[in-house]
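Note that the chains take the letters A, B, C and D in the order they are written out, and that residue 1 is the start of every chain.
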Amino acid sequence: MLSFVNDYSQGAHEQILRRLAETNLEPLPGYGADRYCQSAKEKIRLACKSPAADVFFLTGGTQANAVVIAALLDAFEGVIAADTGHISVHEAGAIERTGHKVLTLPHHEGKICAAGLETFLCRFWKDGNREHMVFPGMVYLSHPTEYGTLYSKEELEAISTVCRAYQIPLYLDGARLGYGLASPQTDVTLPDIAAYCDAFYIGGTKVGALCGEAVVFPRGNAPKHFVTIVKQQGALLAKGRLLGIQFDTLFTDRLYWRIGEQGIEMARKLVKALEDTGYPFYLKSPTNQQFVILENRQMERLARQVSFSFWETLDENHTVVRFATSWATRPEEIEALREILAKEA
Amino acid sequence: MLSFVNDYSQGAHEQILRRLAETNLEPLPGYGADRYCQSAKEKIRLACKSPAADVFFLTGGTQANAVVIAALLDAFEGVIAADTGHISVHEAGAIERTGHKVLTLPHHEGKICAAGLETFLCRFWKDGNREHMVFPGMVYLSHPTEYGTLYSKEELEAISTVCRAYQIPLYLDGARLGYGLASPQTDVTLPDIAAYCDAFYIGGTKVGALCGEAVVFPRGNAPKHFVTIVKQQGALLAKGRLLGIQFDTLFTDRLYWRIGEQGIEMARKLVKALEDTGYPFYLKSPTNQQFVILENRQMERLARQVSFSFWETLDENHTVVRFATSWATRPEEIEALREILAKEA
Amino acid sequence: MLSFVNDYSQGAHEQILRRLAETNLEPLPGYGADRYCQSAKEKIRLACKSPAADVFFLTGGTQANAVVIAALLDAFEGVIAADTGHISVHEAGAIERTGHKVLTLPHHEGKICAAGLETFLCRFWKDGNREHMVFPGMVYLSHPTEYGTLYSKEELEAISTVCRAYQIPLYLDGARLGYGLASPQTDVTLPDIAAYCDAFYIGGTKVGALCGEAVVFPRGNAPKHFVTIVKQQGALLAKGRLLGIQFDTLFTDRLYWRIGEQGIEMARKLVKALEDTGYPFYLKSPTNQQFVILENRQMERLARQVSFSFWETLDENHTVVRFATSWATRPEEIEALREILAKEA
Amino acid sequence: MLSFVNDYSQGAHEQILRRLAETNLEPLPGYGADRYCQSAKEKIRLACKSPAADVFFLTGGTQANAVVIAALLDAFEGVIAADTGHISVHEAGAIERTGHKVLTLPHHEGKICAAGLETFLCRFWKDGNREHMVFPGMVYLSHPTEYGTLYSKEELEAISTVCRAYQIPLYLDGARLGYGLASPQTDVTLPDIAAYCDAFYIGGTKVGALCGEAVVFPRGNAPKHFVTIVKQQGALLAKGRLLGIQFDTLFTDRLYWRIGEQGIEMARKLVKALEDTGYPFYLKSPTNQQFVILENRQMERLARQVSFSFWETLDENHTVVRFATSWATRPEEIEALREILAKEA
């Protein structure tokens, strides 16, 4: 069946598989001390224009979020996030398991804003009972967000300014960063993210890798003994090469960007197909996730011919669903979808 | 340089890489719900003669230990292990991080014994202060142990009998299980382990996989909502296929056993080379890790020509070191080592 | 200065001090095994009409909440509470520190309702992504709430019915329960609470004790080895007698109720004084906490003559403040307040 | 029955009860912000000759240990303690529950030594695998130890020197410090402890208080936002006055020392009675806990006439038991014990 259900349905980009095969029998040190990890880190530093960056490779997004957030927070602190943020809703309480509260702000299309953040922080520090409350210790953004939306450079800068005024780190979850960087509607570059954030991860799993996320502390500001922290949380791969080789490949010849561009080009075709066939959008997403409002019976008919994700109930008769493209989406799949959409419009 | 430093220096067995490539573009559901995971689980159930077994795939050994142990223990309980056990020494406190104490018993060649275990449990339950102490909530074994040694079927049965008498689960860390099962000196089979233990994992990382450990609850006794527990600890891969395809391959045509046998055959040659050249063993290991006593200056000379692992200081002038073989060790490497050994004997 | 700032400004009811002095030199076993603890437990069982109840004494409210909630939840579960609940806002993240998320529902005057609870639970169990979410594992109520309001018997029964339908325990934080039971506007008795809830605590600290809260599991349903859980969280007093003697005294000759009635009678006079002098209430509270809207400059003038608590900003020019009475409030203090209120009205 | 079972069998020293009664109706701010807490802190600073000390009051010893140790350690660190240390054995895993391992050193009569500590630290920092191990992050001593023994000033200084060389804090558990300071065999003063340690607590519960331990960070080196950390662990009393008034009384007119001296004088008489009647000591304790070897049938006969604590099995026929004196022990109780001892010798 035609699948637009997510962006992690296939294995890896073929160049990654090829490199894994080519390097397979080379004996390498374990736990990320191999030369491919070193090379990948160096290429990421260059791409971020952050020559002093500390870079670490983890296997998944929830893992990266839990390890980094726990390492950045003091015991008495929590992390501020949009109420729709991945860590707030869809990580099974992984953050709380490390002992920290997720302090939520209301979202607009998946994003928080600098003004709302500042109001929250200002109130906290004025509150006479604050010693009995969770201290806001850092800010979490996802970019693209859970609704596929992107922060503008101006928005990101404003949030960063608030964080620096209150001396708390800004962390960005880049699970789908490749699609965000490749969007024609963005003015945010990887060096911008490195400049505005204190930690972030460059997502591999959803952008062509088998697994893997590159955590970056752009100014050499990794928490002390971070490798041991990673080990302690069961997140240190013995064969670190698996992650190093993948990221080394992704950051060679702009592969990470080319993969993102492929997903975005497919998303552009998808949007056109949806528009042409008259489907209303829940919101305008500039990336590879598209949110569409379906009448419930229409949704049932479509679901028999194409897979997509249920997102949320809009009203009694309507549902918001998500169609996702990826580096692996082929133009003929969009065409096949267009026919189905036209038939069921 | 010639490397006997560990058993995870290379990538994956070529059949695994081939299967990953062949299945790469097939769209599959995420988070372990794909058909390769299902097939691998079924093959593992068969190999364990445990048709009701619950099987889950995690990425690494420390992760498997921390997730399983935390899930099996009540808040007031700790896990009993040999004082040389991996969880006691080399997992950076991953178990304590989940809130549980590792209660240590003295080891003999890396193993604990049923009698020592029973004495410990008996004393605890007689102690009038036990409400102020950590309750022994389960037993952890590694097989092969950190010294490459193996429990006999009789030893395993005796420990299992004590655990059942005290109604605490027995858990076995099988990071190197493939080499244990393939040893000519063992009488323990995979169905034996499934029969005597309440949980165990079949190690992939050190036995030919890129990454991956198969956690088995042999009588359908997985902790409730185990997938959510795995997710919460950041241990659930989005592309579960990466683990499913690997284990499906390992459990097809006895590949897991053949890999183990290859490592053991190389270990046999290694032992012969060491014996022939007159190196004393620290203990007799029936598996792929061999522990040798070196005079310190001899160790320095050898270290310039071959890599091995420092294990422990024996006395002022002698050191215990480890040579490890694996599925990837080639006979000509053993021969090259033999020459070096002879020269430096 | 005249103080209505809270209900824990004084020491203990004189009868408690007297009993502590009378029993002071009697040698007693430690850790709650003394005869006063036993006697107090028996009296509480009688008062709750719960002959099988398990009763434990802890020192404070946040401690009781953290210990009980962590003991009742599985690792993958969180606790549902009003967004204004004490555990949500004013316990410094004590619940999250035990690894569990507080899942918030919108409040109405500090309360949640059965319908909102049912909708939340129903949606969770229908959500296809629920394995990636925090499972709702119990419900937390405070009674009186943080706004002094009370659940009616009908409301409590309805919430209890939902909890039982979804097989999750209902827990009630009774930090100020004495004032709730003594309110003329309640139809809820202690046996009602024992019948509808699966765990609750009877607050001592704010109702005449030096310290101490009595945790009740009304149907003998205390978590296994609860004393060890209490010890492990640093909550087991060596001289358990301090808590036992206090609760034994509070539950002799209705002292706990008489103390509550005294606080409520003073609250009645306080309300009259506020009404007579024309101060608007933020909401109608039937217990010992009264929430009044003050114009900001008026608030500043009052604050120079009487102490009260800042509660929340209403708008640019108005603030909600709290006046609290207690067992130790004297009628002449209300009269003195009335004069000040009249002058500044 | 005659009781030498422990030093927390009675309530409080009468002067403490008197001060609690005298101050009872005085309205005071909550959570330790009252003037008695301030006064007690100032007196403790004076007694410690540490004018910059941060002082906090907690309710019990396990609580103090867990809160302080968790606050002083980084996530990747554990606490070094004697294998007989209270945190190692008798706190139900309270330290592990905060996520940290207790790293044990062998004890001699309950004590560790500077040389053994240095060897341990030196080996750790030389170990090539240390990134996979728990980092030694602080040292825990109890003084008096669990065997009633005391560190000499020279021993304490040597341990402190090692800690400072390795830049890890030294923490001293003074649950029974009053008896240690009052021993004629000690050369360690409270200012010595303040000078050599980075944190310690002055025990109240076992030295005349109803409850309470004074945690001291002698050089103003309390962890950031320590009050919130205390609150988060459920250890912040609403009526902080209960602790402040007790410690203010204990540190007025040398009451804390006089209580200790009383316990020690009774211990001297106890030792004499035991010596005179020919009972062998397990070791020589200079404080209020005395460890005696009893023949098992003799132990049974004695146990019918006097209560003491079982300590450990010596051999098949002999048991080590503990007799404890306290501030509340009366000379006539020692005389009555002497008669029983003589009869059963």
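A few notes on this one:
Rule of thumb we're sticking to: a residue touches a chain if its C-beta (ideal position, glycine included) is under 8 Å from a C-beta of that chain, and two chains touch if they have at least 3 such contacts.
Since this is a predicted model, take the numbers as computed values, not measurements.
Comparing mean CA positions across the assembly, the chain most remote from subunit D is A.
Comparing chain pairs B-D and A-B, the larger number of C-beta contacts belongs to A-B.
Between subunit B and subunit D the centroid-to-centroid distance comes to 42 Å (mean Cα coordinates, whole Å). Inter-chain centre distance (subunit A to subunit B, centres taken as mean C-alpha positions): 34 Å. Looking at subunit B, residues 75-76, 91-93, 97, 99, 131-133, 228, 231-232 sit in touch with two or more other chains. Here subunit C touches subunit A in the complex through residues 75-76, 78, 89-93, 96-102, 128-129, 131-134, 310, going by the rule given at the top. Across the complex, subunit C meets subunit B through its residues 31, 70-71, 74-76, 99, 131-133, 135, 224-225, 227-229, 231-232. For subunit B in complex with subunit A, the residues that touch the partner chain are 3, 5-6, 8-12, 14, 17, 20-21, 23-30, 59-67, 91-94, 97, 205-206, 210-211, 228, 231-239, 241-242, 328.
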